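The structure is given below, and queries will be raised subsequently.
Per-chain numbering from 1; labels A, B and C assigned in written order.
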Amino acid sequence: MLGKCLENVRKTIPLVHCITNYVTVNDVANVLLACGGSPIMSDEPEDVTDITSICQGLTINIGTLNQRSIESMFLAGKRANELHHPVLLDPVGAGASALRTNTAARLLQELSLCAVRGNISEIKALAQGSSTTKGVDADVADAVTDDTLDRSVAFVKEFSQKTGCIIAVTGAIDLVTDGTDCYVIRNGRPEMGRITGTGCQLSGMMAAFLAANPDSPLQAAAAAVCAMGAAGEIGWRNMQPGDGNSTYRSRIIDAICNLDGDTLEKEARYELR
Amino acid sequence: MLGKCLENVRKTIPLVHCITNYVTVNDVANVLLACGGSPIMSDEPEDVTDITSICQGLTINIGTLNQRSIESMFLAGKRANELHHPVLLDPVGAGASALRTNTAARLLQELSLCAVRGNISEIKALAQGSSTTKGVDADVADAVTDDTLDRSVAFVKEFSQKTGCIIAVTGAIDLVTDGTDCYVIRNGRPEMGRITGTGCQLSGMMAAFLAANPDSPLQAAAAAVCAMGAAGEIGWRNMQPGDGNSTYRSRIIDAICNLDGDTLEKEARYELR
Amino acid sequence: MLGKCLENVRKTIPLVHCITNYVTVNDVANVLLACGGSPIMSDEPEDVTDITSICQGLTINIGTLNQRSIESMFLAGKRANELHHPVLLDPVGAGASALRTNTAARLLQELSLCAVRGNISEIKALAQGSSTTKGVDADVADAVTDDTLDRSVAFVKEFSQKTGCIIAVTGAIDLVTDGTDCYVIRNGRPEMGRITGTGCQLSGMMAAFLAANPDSPLQAAAAAVCAMGAAGEIGWRNMQPGDGNSTYRSRIIDAICNLDGDTLEKEARYELR
């Protein structure tokens, strides 16, 4: 099933409108191409409605938000909603500033979002209006571990039910839920935290998976998470002496590029709760 | 002749002012350095006139245009015109939104452009005011193939004569014309389409070639196209098992970095029509 | 001592707020992660005060400045000053445009800067209000060489005394001074000039070194310069046939990622003046 979700991306080549931060935007574009989708970036209010209209999905990432791009997020989101395109929110740094927390909360309220993907601190900030967010990385105190797994799963299911969105929390253990079922995913490598933007890349890629699999959004979101984690593992196996985080970054995108459905099925490590 | 054009870039190190999208800007800078030029980026209206004044060429890429950068494109373009610097337009996504189509059309009308480089859908949108552009990639229906070659050559020659610009259309077959002669170029690899920004990189590099070869702009533009395509082929030969689109991206820039005039002459595959 | 400065970054993981250009921002983020710090980017006036407040250091790079980001530079800088965070200025292109020269001068005047890092042309533009800056690269006429070393050291010491900042001038020979002592550093490779953004990366990294070593800012700044230069040398040793500037860029960040204090001590080549 997860492998099929990837194959559907490669088959339908969904065009994904990305309003995303300028730090990791190039990697987001390349990972979208790697997984079989096609990216287009636009964040000018006068441009975004037209651009979203020719796409099949929208990802909104608030990583380097500004007043202009915030306006564009709402305009594009509303148009995507009219067209029934899946809209994904990546609330980068929610909890770290009032503008980020409030913008993410307003997007969640005013748009009909298909999915929200973030680290646990960002999702908590969004759910509870407060957090111990340390910048754009999750706080250790919030981490999803085997010890906190039961209550973490309960938390994401409840937030998913309340919002009607698929909630994807990524970290050492990833959780993806539609409020009823929860994928508990154990792919990935801790060294992925030494690269900027693996989360942003996943958000871009997840929008493509959602667009290509309109009838099974939970599986599509879980497949994207497993694909990113599996690519982190495959990329790591290809590391040579002297390689570091910059080469690892390329290796992960390369692994997505070479990933097929069968390999994804074989590499995915998850349980359903 | 084409090899000489590259050598002139390495000899004169033209400084190229780039107003370009934030998706591929880093690759544009690195490919300009790789080919022997020097990049400077500036898109603030209060800054661009000064910056263009110390440069030898200007590339305008509308990939992530906004109201501020659009104003800068006109200001920089007019100043570059006054100084007789070559100005190149890359109409990214023309045909995909009204703002892009109109901005590209206005730049073509109000500035004296040396060259326009885009995919066939973008160039058609610019020439005809409409197109079937699919995002930032060319539509299959527009593609330049052996079957459509005669009328494609006629189309670009006519558009070149009408505008007075060198027109460079890149795709599986590349066309570069000054309205009289047309280079039909068959370098490159289809896998280049899996990397974001090879077109943007080529536009940046072409501005350097035009600046370094003021007396032979057609050959300069063709040399840049052949160099990019040859680099795509050389980079592909250097790919290892497990490599994907991210490593390929680096391999292409590396190949430009190592390219000399003799190799370019040897690798270039073109006919004149 | 220099090795200890690096180890303190890895131990304390300083969060560095970067207001930096969009050309090299991804590399700045990855090099900050590589050296053991943590990056966060924000350039919206309504966002930067909150973001700076949760950080331990701030780097201000004017490479692609605009009216919005300039306002953010002052807001963030003032907040960072209130919190006694080290603030570093990278005056990219000072001397190349009035806006850049004036903005850098105003930042130097209105903020309490811990350090200024630039090439010799930029630093001269800032010190003297004029220069022969060629774009964002240093002019040959300004270069610090063995012939000009005595007067270059005197110049940077005097500018440091006048401003109260640590001054770091990087080039073939690097100078880092607090007005009393001057590190004359001979690490690095000329090929680093073929990559965009090694200066920007160093500025981001230096802010992390300053934040992690509050009691020895001169040594921290010198350690960052030596680390970047040593990484340039180590990365070069790892180059293979066919590699070019794009792979070299990755190799340098990788080398920072793998650098430890002992290796930095061993690789650092400097004298004190």
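Going forward, a residue touches a chain if its C-beta (ideal position, glycine included) is under 8 Å from a C-beta of that chain, and two chains touch if they have at least 3 such contacts.
These figures come from a predicted structure and were not determined experimentally.
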Ask   = How would the subunit A/subunit C interface be labelled, same or different, where same requires over half of its residue numbers to be shared?
value = different
Ask   = Which rotation angle, from 0 to 180°, best lines up the CA atoms of subunit B with subunit C, given as a multiple of 5?
value = 120
Key: Chain centre separation (subunit A, subunit C; CA means) in Å   = 33
Query = Where does subunit B touch two or more other chains at once, residue-wise?
reply = 22, 26, 249-250
Remark   = In the complex, subunit A touches subunit B at residues 15, 22, 25-26, 29-30, 33-34, 38-44, 46-47, 50-51, 54-55, 68, 238, 249-258
Inquiry  = Per the contact definition, I'd like the list of subunit C residues that touch subunit B in the complex.
reply    = 21-24, 26-27, 63-67, 93, 96-100, 133-137, 194-197, 242-247, 249-250
